[in-house]
Structures are given as structure tokens and as C-alpha cells.
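Notes for the one structure printed next.
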Amino acid sequence: MSWVESSIMARRGVAAGRAGRRHEITEAAQGTYHYVYGPFASPVLTVEPGDVISCETHDAFEGRILHETDRPSEILNFPFLNPQNGPIYVNGAERGDCLAVHIHSIRPRGPQPVGTTCVIPEFGGLVGTGATALLNSPLPERVKKLEVTVEGGVKWSDTITLPYQPFIGTIGTSPQIEAISSLVPDYYGGNMDLPDVAPGSVIYLPVNVPGALLFLGDCHATQGDGELCGVALEHPTHTVVQVDLIKGWTLAWPRLETADFFMTIGSGRPMEDAARIAYRELVRWMAAEFGFDELDAYMLLTQCGRVRLGNMVDPKYTLGASILKSIVGEARV
Amino acid sequence: MSWVESSIMARRGVAAGRAGRRHEITEAAQGTYHYVYGPFASPVLTVEPGDVISCETHDAFEGRILHETDRPSEILNFPFLNPQNGPIYVNGAERGDCLAVHIHSIRPRGPQPVGTTCVIPEFGGLVGTGATALLNSPLPERVKKLEVTVEGGVKWSDTITLPYQPFIGTIGTSPQIEAISSLVPDYYGGNMDLPDVAPGSVIYLPVNVPGALLFLGDCHATQGDGELCGVALEHPTHTVVQVDLIKGWTLAWPRLETADFFMTIGSGRPMEDAARIAYRELVRWMAAEFGFDELDAYMLLTQCGRVRLGNMVDPKYTLGASILKSIVGEARV
Amino acid sequence: MSWVESSIMARRGVAAGRAGRRHEITEAAQGTYHYVYGPFASPVLTVEPGDVISCETHDAFEGRILHETDRPSEILNFPFLNPQNGPIYVNGAERGDCLAVHIHSIRPRGPQPVGTTCVIPEFGGLVGTGATALLNSPLPERVKKLEVTVEGGVKWSDTITLPYQPFIGTIGTSPQIEAISSLVPDYYGGNMDLPDVAPGSVIYLPVNVPGALLFLGDCHATQGDGELCGVALEHPTHTVVQVDLIKGWTLAWPRLETADFFMTIGSGRPMEDAARIAYRELVRWMAAEFGFDELDAYMLLTQCGRVRLGNMVDPKYTLGASILKSIVGEARV
Amino acid sequence: MSWVESSIMARRGVAAGRAGRRHEITEAAQGTYHYVYGPFASPVLTVEPGDVISCETHDAFEGRILHETDRPSEILNFPFLNPQNGPIYVNGAERGDCLAVHIHSIRPRGPQPVGTTCVIPEFGGLVGTGATALLNSPLPERVKKLEVTVEGGVKWSDTITLPYQPFIGTIGTSPQIEAISSLVPDYYGGNMDLPDVAPGSVIYLPVNVPGALLFLGDCHATQGDGELCGVALEHPTHTVVQVDLIKGWTLAWPRLETADFFMTIGSGRPMEDAARIAYRELVRWMAAEFGFDELDAYMLLTQCGRVRLGNMVDPKYTLGASILKSIVGEARV
């Protein structure tokens, strides 16, 4: 029996975590990909809680960077970056509910070399950027195209091969009245670039509008903590997710569950504000559903909380704070 | 002769800074006020460069806080805050142009006490907030209603009267593809809360979409640097602005001109990033149009640049960096 | 009658603000200048409250940058920078007291060109630094030597002359048990680089050790807000100050008084933390000594507080928050 | 054969990683513990490279918090906190060298309950503090005293026991001319509160003064990422370390080696600056000693770098950035 059967999704979901109908969003079905998370786009698909959706995701550059001699600064057309599948309308979802998304699988899609990373001028964690505006000259551009397979991993060089550890870089629901660039992570999810959003996990997202309007894309074949230069191992994929709906579970920020831990996810600048959000949400969660008082939870997390840095390159930085299920047990609600 | 006749607006504007037709956006004409800056709303008015528009602005609370016994946390309905007039479509404006807005006047509107300030839980510069998420208990709520007149100023208490120094708290153009809360300041303007955006000055805004789509609102009767508790002296107004259009002047961030100085405006978090943006824009401007090399400009601003803190409470902080015209002279373009 | 006669220094000082004996700390008398603020150095002078001290200060480079062809990176020997006069032992000063320093005058000292500014690699507000560590190449070095006189001001170029507006860049008392680089500003003062610390003003500093141990140096002929490239108009000076002692007035951070306003000074990173410190200190001061309750003070400062950015380049950033005497009146203690 | 025999310490150390004489610093031998890292204290011990030192460390409160009813705000006497053993003078160490410290073991010391954690007013990661100065009321104080044993772990409550995972919270060398509070982490080490500084690892520290002057203390029985409330599981210990000396290996910031990875450690505010320091040091290290060019290293770390958050509560935040030895191999120097 998978741990998922005792997950919050299974215990509270409208579909009780059981898989329903299967849908496909091919490139053709998607048609226009989206560059904002918002309520102004028409749903590309309507599903029931429990339904399973297979998406043909593009890479963050919509496949435009083809050769190592390409110059991203000439090819990329800001803000038309990070194309998203969706929105998917989930029947019954209302503001104040929670959308659970169980990630089934991610597989590379298309001809090799399917993976891309690059250094883009004035973007990244160790350079001056549009947000951290400096007078230094930018780094030179560089593109790397890499073969990526499930079994063979990411072939970085003759001597270095990294395991294939894919995850969804950008996933979330629509904000209530805003339409925000898919480059941004925030309370509704978005471009969190957090490696824990991986096959096997369940991510919980706040619902802000009727139908939730789920978007996703930007899958990474692997990524280090912080996504240092700003461009992970980008690749187009077949990504399969199962959605469920938890009525009346109102989240302020995304949460995540795996076999081993519960995580809360915060995004903000400066980075300590992202960490504060993640940890405060975890304290509050432990107080609301795990039987702690807030001060207890605060003191216990001081001894055993874990932090994962998602990105230190996007308009907001993202961190996840987590605690082991072996310590807190299951949620009591 | 007013300095405005030699302003950048007058020298480069399509209307050469000359006032054209006069329009009015009354509450009735506005109908629904807006809570996002974006391209999805229909223009409430279309104007030519040079046209003058008188707007009936609401206060940031849309007039809902009426008594000192009111509780903002019960009355306010986030994110439906900071209602904006507009959008105003300016004929001929295209992405890459600059919209010049000369602020003619601001006058209080409506029955006394017309001014409102308050302490709102988990909002403000000296408290834990949603962005700087802490476990401390929030401050108590408090509302102050104040009489505000042009001549009599702001009657704070029996002993303290502040001069009426009104400005536009929120003004900007539409982003290209996003629709962003009117609570946010960014590259297109928005909720900058910068007291220099006052009658007599000209603000220059980047045009991102056809027609520019000008929004404005949130006028303050006075405000300290930083808008410390998050709520300035909010009041509904008659605000009169003249728009002009500078073709092909492509700004990355808003700029401002007064009789005495040129200013660039940056918004970001942490606060040093807002300062960096503002100062880098000013360095670049001095290099592009005032005959300095970048290093010269950088070194000279070290000796005589001035910084004004707009807000330290909004989703991004805003600062203006300026240099005296008596030092740099007029722009040479 | 000067406003100083009704200053806090005059009203509460042991010497009642009256000038006492005059002392001189020439270069020879100083001997070794100091590069840390701490309790481990022997006093170069012992004075009584009220005494007036004339110091021969060095510039921040101890006079080693002589020509525009000099390369700071070769000449400067970190951490032996920013040499300080002192420490001056003030009789009667004990931990918990306040040292008041009334700045009488600052005059350039030595042969022309007496002023120096420069761009130093990996230092400054618009570049990657040791603290904001990036991979970008540093800017080229550049040195400017300038003639500076009291009457003629700062001759920047053939067309630009800046007024002589000198102030003390670095001034403070010894920490209790630490010895901190003179490049750092903190609760005891230090390298605040705040232009309001100018002749005519009184700065109030916390006393942390017996005798207070006053250090000072790093006088600037003029400086813009933020000291953008990190090097203001540095120059050696004759600087004259009068000290006084306020028993039992325990400050957490430096304060400043001028004819027109009261200011609190905070230093920290990120910049908003410096602003928070300055404003919280001002709120608390208004509550403790001006008859406001904290919430009142917080709301009033929202309407009329003023912020001055000192530096955005030192290990901590410095801001001053102030309120006009015309609004709050005199302190009631 | 232990990995240590092929460590950098073993390959480059003066003692080639071999253990030499054994010394003991008992409480009595230590006498006065130290509250600053600096060159002004006399060595308590002089050793040769290779020597092994067993220290009786105090907990961060010097054992003064004895009961759960104690009030830290009354007992603790800032800045006399975080007492340190040392300084230990290492013969032959000169500025520009590297001090290697191999941590052999940490064991609890003294009568049970030997462990202490607490909530201290205006200190911690989710509250307003002296540095992030706010008007909110502080949290209530709370003390927890816990039984801690090597085998039994940390008995948190009837249902929760945490494993004993001890590490050295504060360790470092003397700065060159400063004496800095032992509460601060910086380029010389200090209060990093990074759980990887654990038995089995080797930490590499820059030498700034003759003899290096090693300080250490503040051992934690366990700690979560970020040390959220500011007080980990503090306990007095017997801590055993072996020192070695690497001549001419000049580090800008501490580094760490374990069986599995190489880590660089950065401390700063805001948190992204600590991350930038750690990652830039790692990029530079990979370029200097592992055969990468800087851009390669930057791009590879984007895919596989790991970040550990040490503390988000101290005057500077600390993060470690690491890369697996299985990816980069051994250093080639």
C-alpha cells in the first residue's frame, strides 16, 4: 500500500485520492500556452476531482534554444517565457478550498538533446540583475544542450552524469483578480522551482477562483538548491498529475506531502522573508492540525525543522520548511 | 514662464506640453473602479496627447471607513483595496513610448472629516506582516478621521496641524501581459506612495501596451517618508492631470521632473534593491542624455545624489533618486 | 541666542552645554590612529564634560591616495582603513549614560588638492562586493583628486562646483567588549556616513564603557545620500567638537538634534532593517519624552516622518529618521 | 580506512592529518571563558599541528538556566553570552594559512537534564528583534529542560524523541584586528550554527593572526535548519578536536569536508547575501582546484549544488553550499 492512501488528499479529498478519468493535454490541444497565472484565460480542460491529466509541457524557452551556439538574449522575448499548460478547471472548486495535485510521473519528451541550460545576461543568483541593479558588465552568454533520459540521467560531460530527478518547476492556481507572470512564485504557487515538487509527492494549493484554474509547466530534469544561474536542466515532458479537491481547507500558501514529511512553501524577498513565511505556516499548521501549541511547535522546529531552498533567482525566492512525519505523526483532522 | 515650458515633456512631447481638451471622470463616469493594473479592463476614456483629465478619485478604502470606531479588519475586503480611476487610453501611445503626466492639482472632495488614517493588523512598516511573517500578536486597530482642507491643512490634534501637501499615491500604466494589484509598485508605476508625485511635477511612465492605459488613484493629503504604518492621510479628491506622449523614449522605470531636479524611481525588496534600481537608472540617464560617462555619473552622484523614501510598507518598497538641475543642467536630447 | 542653548545637551548635560577647556589632538599627539572602535586602546586624551577638542583628522585613506593615476587596490591595505582619532576619555561617563557631541566646525587641512574620491574594485552601492558576492567583473578603478575650500566649495569639473557641506563620517563610542572595524556603523555610532552629523548639530551617543571612549574621523567635504560608490569627498580636516555628558540617559542607538528636528539613527542590513530601527527608536522616543502614546507616534510619523539615507555601502546601511521640532515641540524631560 | 586519510587535511596538512599529542581544556584550565573572537585574549593553550584537544564546553548560557520556571530575560546578561573555550595557539600558523579542525567527538557533560532550549524575548527567527525592530509585543518566555544522552537522544516529550546529532555551534579563528562577539558568524567562522560542523567532518578556517587563535563552544545536541527560535538544544559537552595546519592555503571564508561532500560557508544579511557568498566561494574553489572554468562551475552547481541553512537568527545568517565528491572528485592540489 502506498503512503498516498493515507495522505491528506486521500483522507479529505472529494475523490478520496482515487484516480478517475484520464485526460490528455497535447501541444495541439493546448494550442496557446500561457505566460500569466490569472483568471482571464479560458480553461483548456474541465475535470472532476480524481481525474488524471497528462500534459505535454514545453521547456521554459518553448523549445527555442536549439544549439549551443544560440544566443538567448537574441532568441528569448521577455515576458513571453516559461509557457504553461492549462488552465484546468476543476469542477466544484471554490475560493477557500484546497486543490490537491498528486504528481504521478514526468518523462522527457522529444528529440535529443532534450535538455537545455544556459547563462542569460543579467539573470541568475550570482550576477547583477534587473532587480539587483548594478553597473558591472554581464557575464558572457553560454548555452549547454544535454541528452536526458530516464535511465541514463543527465549527461553533463564525459566524466559527469547526474541522475534524472525531475520535478515541476512551475505549478499553481489562478490568483483571484490578478494575472501574474509565470516567472513569479507566490501564495498560489507559480514558479517555485522547488525540487520537492516531484513525482510521488502531493502538492496542496489554495483555490482563489471558481474551478481553481490549475496551470503547470517548466519541468526540470534535475536542479540544485537555489537554481543558481537561473536556468535548471530545462526539458519538455510528458507530465501526469492527479487532482483532488479538499473542500473548506483554506491555505494561505502551498503545502506539500511526501511519504516522509510535511512541508510548507514560502516565497518572498529578501530570502529570510520566504523562510519566515514557510516556517510560520508550518508552526500554524502544527498548531491547527497536529496538536501543538504555537510556542511548542516553534521550539520543536528549532530542533528538527528542515529547509529546502528552491530558487534564489526568481522575482521571489522560494523555500520549503518541513518536518518529518516520524516526529509529528499524521494530521489529526 | 513656468519651468514646465522647458521640461522634457514640453521639449519632446507630441503635444509639446500644451494643454488640450478637458475631460472629466466623475464617480458616475468611472462606474467600477479598478483593483489591478492590467490590459484586461476597457478604457473609461480615450484622450489625445495634451488632454487634461479631472478625476474624482476615491480614497484607498473606497470611502468605507467612516468612523473612528470602525474596525478596518472587518470592513476591508482584500484584495478589493486601493480603487483606481481609468484606464485612460492615450491615442498614439505604443509600447516603447513614454507617457508624460503633468499633475495640475489635487483638492479634497466630499464631506468632512475627509481624511482617514488607521493601523491595520499585520500591515505596516514596524510590524510583522504577511510578507515578514512573524508569530507576534498584531497591534490593536485604530482609526483616525481628520478634517483636511487646502488652506487649513490636516488637523491632526488640538496642537498639531500638518500642511496640506497632496500627491498621487498610485499612478501608472498597464503592464504588457500582467494584471497586477493596485497595491503593488513596479516598473510601470503603481502604488509607489512617493510624495514627489505632487502637483507641479511631471512623471514619465513607460508605455507597455497600445494606448498606455493610464490608471491613477490613492491620493494622500500628506505623507511622511516611508508611509510608516502603511496608511497615509488618505482622502478622496478632484485630481487634475495633463498627459503627453513622448514617442520612442523607452524607460525601464518611472522618472520624474520638477522645477529643481530630475528623479528616477525604483521599487523592490529588499530596500537596497529599490535604491540600486533608482540610482542605476539615474546613472544611465546621466550617461545617455546629460553627457557623463557612467563612472563619472556614479562618482558624482556619490557626492550629490538625493534619495527620497516613498514607501516601506507595500509589496515592493519605493525610493526616488534625484540630482539637481543646477548640477546637471537640462537633458541634451 | 543659538538653539543649542535650549538643546537637550544644554538642558540635561553635566556641563549644561557650556564650553569648557580647549584641547588639541594634532597628528603628532594622536600618534597611531585607530582602525577599530573598542575598549582595548589607551585614551589619547582625557577631558571633562564641556571640553572642546580640536582634532587633526586624516582622510579615510590616511592620505595615501595622492594622484589620479594611483591604484587604490595596490595602495590600500585592508583592514587598515578609515583611521580614527581618539579614543577620548570623558571623565564621569559610565555605561548607561549618554555622550553628547556638539560639532562646532570642520575645515579642510593640508595642501590642495585636498579632496579624494575613487572607485575601488568590489566596493560600492552599484557593484558586486564582498558582502553581495557575484561573479561579474569589477568596474575599473578611478581616482579623482579635487580642490576643496570652505569658500570655493568642491571643484568637481570645469562646469560643476559643489558647495562645501562637511560632516563627520565616522564618530562613536567604544562598544562594551567588542572592538569593531571603523568601517562599520552600529548602535554605538561608527561609520554612519550620515550627512546630518554636521557642524551645528548635536549627536547623542550611548556610553558603553567607563569614559565613553570617543573616536572620530573620516570627514567628508560633501556627500550624496547613500554615498553611492562608497567613497565620498574624503579630506583631512581640523574638526572641532564639544562634548557633554547626560547622566542616566540610556540610548539604544545614536540620536541627533539640530535647530529644526530630532533624529534617530539606525544601521543594519537589509536596508529596511536600518529604517525600522531608526523609526522604532523615534516612536519610542516620542512616547517616552514627547507625550505621545506609541500608536499615536507611529501614526503621526506616517504623515510627517522624514528619512535620510546615510550610506548604502558600508557593512551596515545607515538611515536617520526625524521629526520636526515644529511638530513635536521640545522634549519634556 | 577512513575517508579522512584522503582528506585535504591529510594531503596538505603540516601533520598530514596524523593525530599528535592530546591536551585537555577543563573548566578549571579554561578559567575565564570568552565572549569575543579576537586577538586581545591570551592563549589558554599552545599546540602543534596534529594535536588533539578535549574541551569542556559550556552551554550558550554558561549553565545559568536551570529550571523551566527560570526567566531568561532576568538571568541572561547580554553581551556575556555564548562562552567560548580558547584561544588555542597553533604553532606555525600565520596569516594566509588555513587551520584545519577535524572534529572527533562531542558528548554531553554534567547532570541531567543537560539540555536547554528557550524562547527569549525579541530574539529568534519568527519575531521582531533588535535588528528587525518592530512595535509588536514580544512572545512570552518559555524554558524547556531536556534529558540528553548519546544513546537515548533528546527526550522532547512523552511521544517525541529526537536523535542525538551534536555539532559545534560556534568555532573559528581570531579576526586580524577586531574582537567580535561570539554571537556573530563571519568570514573567520564564529557563531555559524551549522549542523554540518559535526563529528567526523573537517572544517577549514582562515588564519588571520599568528597562532590562528582557535575558539570554540556552543555545542548543540541537535538543531533544525535555521535554528528557528534562536536557541537550539544547548548543552555543555566534552568536545574533542584535532587541529592541523595547511600552509599558504588562503581562504576567504570557512570550508568543510566530509566523506561525501565539499562545502563552503557564507554568513551575511539579507539571507541571499549569505547564499551568494557560499556559492561564489564554491564556484571559485571548483575553478581553482577541481578543473572547472567559472562559468562551467556556475552552471553545474545550478543542477546539483546543495544548500544547508545554518541559522536565520544570528547577527548574520549562515548557509553552507556543497557539492558531492561523487560529482567533482577530489581536489587536484
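All chains are identified by letter, namely A, B, C and D, in their written order; residue positions are counted from 1 within each chain.
Note that a residue touches a chain if its C-beta (ideal position, glycine included) is under 8 Å from a C-beta of that chain, and two chains touch if they have at least 3 such contacts.
In this text the structure is predicted, and so the values were computed from the model without any measurement.
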{"item": "Interface with more contacting C-beta pairs, comparing A-C to B-C", "value": "B-C"}
{"item": "Interface sides of chain A and chain D: same vs different residues, half threshold", "value": "same"}
{"item": "Whole-Å gap separating chain A and chain C, where each centre is the average of the chain's CA atoms", "value": "48"}
{"item": "Approximate Å spacing (C-alpha centroids) for the pair chain B, chain C", "value": "33"}
{"item": "Interface hub residues of chain A, defined as touching at least two other chains", "value": "126, 132-135, 139, 269-270, 276, 279-280, 283, 298"}
{"item": "In the complex, chain A residues that touch chain C", "value": "126-128, 132-139, 270"}
{"item": "Chain A partner contacts - residues on chain D that touch it in the complex", "value": "117-119, 124-126, 139-140, 142, 144, 154, 156, 159-160, 162, 222-233, 269-272, 275-276, 279-280, 283, 295, 298-307, 309, 312, 317, 321, 327, 329"}
{"item": "Contact set on chain A toward chain B in their complex", "value": "35-36, 38, 40, 79-80, 130-135, 176-181, 252, 266, 268-270, 273, 276-277, 279-281, 283, 294, 298"}
